[in-house]
Amino acid sequence: MAGSTFGNIFKITTWGESHGRGVGVVVDGCPAGLPLDESDIQKYLDRRKPGQSRYSTPRKEEDTVEILSGIFEGKTTGTPISMTVYNKSQRSRDYSGIAGYYRPGHADLTYDMKYGFRDYRGGGRSSGRETIGRVAAGAIACKVLNQLGIRILTYTKAIGPIEITPENFDIHQISESPLYMPDSQAAEKAAHYLEECIHSQDSSGGVIECVVDGMKPGIGDPSFEKLSANLAKAVCSIGAVKGFEIGDGMAAAKAKGSQNNDQYALSPEGGIQKLTNHSGGILGGISDGSQIILRAGIKPTPSISQKQSTVTKSGQTVQIEVKGRHDPIIVPRAVVVVESMVALTLLDMMFASINSNMDNLIRFFS
Amino acid sequence: MAGSTFGNIFKITTWGESHGRGVGVVVDGCPAGLPLDESDIQKYLDRRKPGQSRYSTPRKEEDTVEILSGIFEGKTTGTPISMTVYNKSQRSRDYSGIAGYYRPGHADLTYDMKYGFRDYRGGGRSSGRETIGRVAAGAIACKVLNQLGIRILTYTKAIGPIEITPENFDIHQISESPLYMPDSQAAEKAAHYLEECIHSQDSSGGVIECVVDGMKPGIGDPSFEKLSANLAKAVCSIGAVKGFEIGDGMAAAKAKGSQNNDQYALSPEGGIQKLTNHSGGILGGISDGSQIILRAGIKPTPSISQKQSTVTKSGQTVQIEVKGRHDPIIVPRAVVVVESMVALTLLDMMFASINSNMDNLIRFFS
Amino acid sequence: MAGSTFGNIFKITTWGESHGRGVGVVVDGCPAGLPLDESDIQKYLDRRKPGQSRYSTPRKEEDTVEILSGIFEGKTTGTPISMTVYNKSQRSRDYSGIAGYYRPGHADLTYDMKYGFRDYRGGGRSSGRETIGRVAAGAIACKVLNQLGIRILTYTKAIGPIEITPENFDIHQISESPLYMPDSQAAEKAAHYLEECIHSQDSSGGVIECVVDGMKPGIGDPSFEKLSANLAKAVCSIGAVKGFEIGDGMAAAKAKGSQNNDQYALSPEGGIQKLTNHSGGILGGISDGSQIILRAGIKPTPSISQKQSTVTKSGQTVQIEVKGRHDPIIVPRAVVVVESMVALTLLDMMFASINSNMDNLIRFFS
Amino acid sequence: MAGSTFGNIFKITTWGESHGRGVGVVVDGCPAGLPLDESDIQKYLDRRKPGQSRYSTPRKEEDTVEILSGIFEGKTTGTPISMTVYNKSQRSRDYSGIAGYYRPGHADLTYDMKYGFRDYRGGGRSSGRETIGRVAAGAIACKVLNQLGIRILTYTKAIGPIEITPENFDIHQISESPLYMPDSQAAEKAAHYLEECIHSQDSSGGVIECVVDGMKPGIGDPSFEKLSANLAKAVCSIGAVKGFEIGDGMAAAKAKGSQNNDQYALSPEGGIQKLTNHSGGILGGISDGSQIILRAGIKPTPSISQKQSTVTKSGQTVQIEVKGRHDPIIVPRAVVVVESMVALTLLDMMFASINSNMDNLIRFFS
């Protein structure tokens, strides 16, 4: 199938493998007249760069983006924006082992099942490098959203069993911490936990949380195209995501109605305010203008050096150790990927809302 | 926007409100030659019928489906299958209260924000009755899947804090229990818990689990159209779903790689078997042919008779009690809805897989 | 495949066969707040009604539309509008002949090739009755367009070799003439021509022309989603259409650049005016705000009573005569179908244009 | 809107402007295991290269394609194939004139209307260079089709008023003639005609015809997704196309049923054969396995050196002469573009047909 396109009106198409000539994205449907240059994109790409800390792979990828189309005199023209990041660190390496067996937790086996064969060098299309295109596109979506007054904050909520606590929440820690955790105490504990993982040749999962401020109300649809449903797909389309929560998420299943309902009262300014936000800013699939809150549960990096049992293509059970420089955790690098997917979803669904009511429509076309 | 269509190749379009003339669905892309009559559909609709137990609303809805097109001489013709269920229990009732304020936990406010006004009678398009079209279509998808050897089992995993236990799991209890719980002890406890909820004019959430057997391998795509991402959207498009998990779900975030990886070994018959199934049957977004396992976290019914604070359209804070016959829990009735959405997703994505490799393609077109 | 849905944001899904229980359409993405009732739809359906003249089938179909959802207190709610027209004139008839052989010019053979079998009663899904859903939906699209100042005029331009002449063009004749021809002299000649066709047990093709006034500029996209390309698909999706022309159409292929270019000059009011309109209101796939002009070439009705050679399912060449009351021409009844498809296309593409430039976007969302 | 993506299952996304850094395409949904390298693509690109004859612009574009992803060890991997052609002949040039006024017949005015401003260097996204991505993708589609036994032949049918004649049709002349005309006498006359156009600083339109052999039967859908409707959109999405015909096209509108119906008889081998092919291989929107025949009417090149009236951005009527090296006709270079769009459409619709009937489906998935 053709699964590399995301969005309907603001539409992106990504391409590229970890060990091919490069990775990239075509962004189509970006409004004309947005000031944009490569530095706008690079800032976002740098947030997913490896080698930022001891907990991400030390290899230097130097992901430098080039914009090939869609910009004229410093502004978007409304036509497709093509962006490429060339792969630079293609070391010649011996893949004979990896080519012959199926790494546990990776997509090696399912690729062979689907395609009949696979590019066995470093995960091919399932590599983390596939997210470069998402982030480059997400940077543009965020810039458009910012111009409309919408801002997205994303951070690490938990690493393994270590979770941030509301009382220690400090937004400034996000950019300070190599783990992007807004709680310095939790970050310290998490660092110790990751040291243990490295020492025992193991890896860790974690949770990413995303909060949207300034969201427009009325976005999303009551049936299949709920805003929450589209956010779920966007977030679960990121490799390694095994769970998605909006608002209280799975905890809502244990709650009673009297606890979970968000009651209303008039705000001092005469507007409507919710007294709580268990729903995460979406009711009946439609945004209510309050904070959108969601979380992604990320599985531990499958590449570990511990011995694991697997099977070869020729049909033998073998014990393997996945060598190489692997992140003991991908959560910090995935923070900006979640933010990108959320931005892409919000913008696309806002574009799809022009026809909600005749008043809007007449106003827009007059 | 146009959000009432789901699927690309096996495509359904639902319509109807709780208090209009009826609800229905058009199923397009169903293969020709499938034996089908109304009883195939009715069986599934009866599973979501209210009044089955003390824990669902006692009102009798008698949802009888009529097939209006797409069948000739007992078989599908390959053209759209239109199905209608007329609304029968439209009692004239006083909606003057509900019309004037915004019920907490309902979509009343977001409808007004989006559309400028709303059909205030019983939730309109956000009513549980919207799921009738989904289930009628799901019944057809399930029948096609069954012919291809794929079977879906769905049940209540938890009600409030009461969860089934693996050691008591008994598949036969699902159809025995009005709560669709495959654990008679848990079901008994859950019944007590719901009695308490009713007594305190409150409601409960819960968790639904779905297991797919016989899934074809190689379905799904490595990037945005991961099978897991599409299942996430499908499940989260059901009203009241606040969380989605595939395989170990949010628990994977707390695990280490050595625990979470599914190792392989040769099966006695010489095939490849996974020693565990933490991934839930999907790796890199592609099915591996093992059991697909997923869960939906459902929030408590928002309609409760306890006093709640809200705001009127004319701008006053008021205390309301939502009267009427409301389910203290919707989880049991939603079981077949989750099953339907899973079936629709699997079938549509299988159809989208013909072009995975040249060998398949040449075989299919020769 | 699932081919019964048209449009992306204003989306319609049709269903039904000529000899099933009915035909219908679900219109999704209609803005909330549009005043709408069944009479708005009926007016359009009546324009495609048979039995209006000697040149359409004398059978009385009495196509009465029922709206089942999406309207509340006389206005659209923004949710799907489901409309059904029940088939009334299902006479029991002997189809044993038609079931056994393939009628020339009909889709009998291709249905068997695609689906393995077919509903042989009267053309099934390829019947002219399939257009009822299109017209019912088109009536709504036209009403929305009218509110935005856009009006569509559609008429018969030619019947067989008889064509209207610019000097005799009289808009009032369209509704006067059973042939919907805006030229009374041409209409008279065409009537004679059709008499001859009837007499010789033959049928005639023709050309339908459509002119759009008040179109918004800037609608359409430079690449695949040209407004002209979408109009081409919309019009060619009508059964019996074999050719499509925009502006000068096929004649442009014979022209020179100096003849075909539309030059500009300032209008007396200071705006830009085109001195000619060979382009038909679209340049580079994008509307320029001037009249959109397009034509559809319609083949002659395939059902004729003359002897024709064909083949039976059991593999014999036979000579057949297609009996029954058939239109000697479908062009007049297809006029409103072309108009409907044009309206649906224009509206959907206008909805897709909100993101053309940042100024529009900021204006819309502020 | 996002209009640079074509196809649903075999999906392409093009990008790039005439005077940006390059143009390209991402091909998604190509089956794995197709042998493919750059020479397969280059062959098709060379067919649209300028400077091949006196009738196309003498500038040398040297369009060399680079494949950046989706190929491993000489075969497609099933993941997106990204191809780039860098723009080489970007001469610095004075665009101050062109920037200030609207060229007749070009999209200058509509771009300003849509986007608020435009990249005025050489047509931007509406340049003929936009078709490079289409042709590169079309080359891949053709290779897949060839492996399935389907071959497409495309040629110039007419240049201005000069048309090929059936009696002189010689397939070998297509590649011999710089005009791609399969009739040496017509080609000679056309050459004279073009000399005249050049001499009078004018340009010519023409007609391209496309014939598909070996088409699979049963492809396409009875309603909106007719094969003919999709071909119409594909062909009309090419800049400068003003008319589309399938089979007899507009001539069918003048015909009688007895002339236009294709009668059947048993073939000597016992199969069904059509005695004529007025329908062009499609009935009811579905292919019948016979030759598909279609035509595109192409308008004359709008860039001519004759004086023309136009308007400046600052609101003055001026007389301009469009200087530069322009093709007096684009038809010969557009032949391979039509072929590409037809190939992309056929393949995508074949992929969408797997679900036509249960027998196919069970066969495919077993």
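Just so it is clear, A, B, C and D label the chains in written order, and each chain counts residues from 1 on its own.
Criterion: contacts are C-beta pairs under 8 Å (C-beta built on N, C-alpha and C of every residue); 3 or more make two chains touch, one makes a residue touch a chain.
Because the structure is predicted, anything quoted here is derived from the model rather than measured.
By the document's definition of touch, common neighbours of subunit B and subunit C comprise A, D. When the partners of subunit A are compared with those of subunit B, the chains appearing in both lists are C, D. Averaged C-alpha coordinates put the centre of subunit C at 26 Å from the centre of subunit D.
One inter-chain figure worth recording: subunit A and subunit D are separated by 38 Å, centre to centre, where each centre is the mean of the chain's CA atoms. Between subunit A and subunit C, the centres computed from C-alpha atoms are 45 Å apart. Multi-chain contact residues of subunit B (touching two or more other chains): 1-5, 8-10, 14, 29, 32-33, 78-79, 114-116, 124-125, 222, 352, 355-357, 359. Within the complex formed with subunit B, the subunit C residues making contact are 1-5, 7-11, 13-17, 20-24, 26, 28-29, 32-33, 66, 68-72, 75, 77-82, 84, 114-119, 124-125. Touching subunit B in their complex are the following residues of subunit A: 1-6, 14, 102, 104-107, 109-111, 113-116, 124-126, 130, 158, 160-161, 197, 200, 202-207, 217-226, 228-237, 239, 241-266, 270, 272, 275, 278-280, 282-289, 297-304, 306, 308-311, 315-317, 349, 352-353, 355-357, 359.
By the touch rule above, subunit B contacts subunit D in their complex via residues 8-10, 29-34, 78-79, 144, 147-148, 216, 222, 350-352, 354-366.
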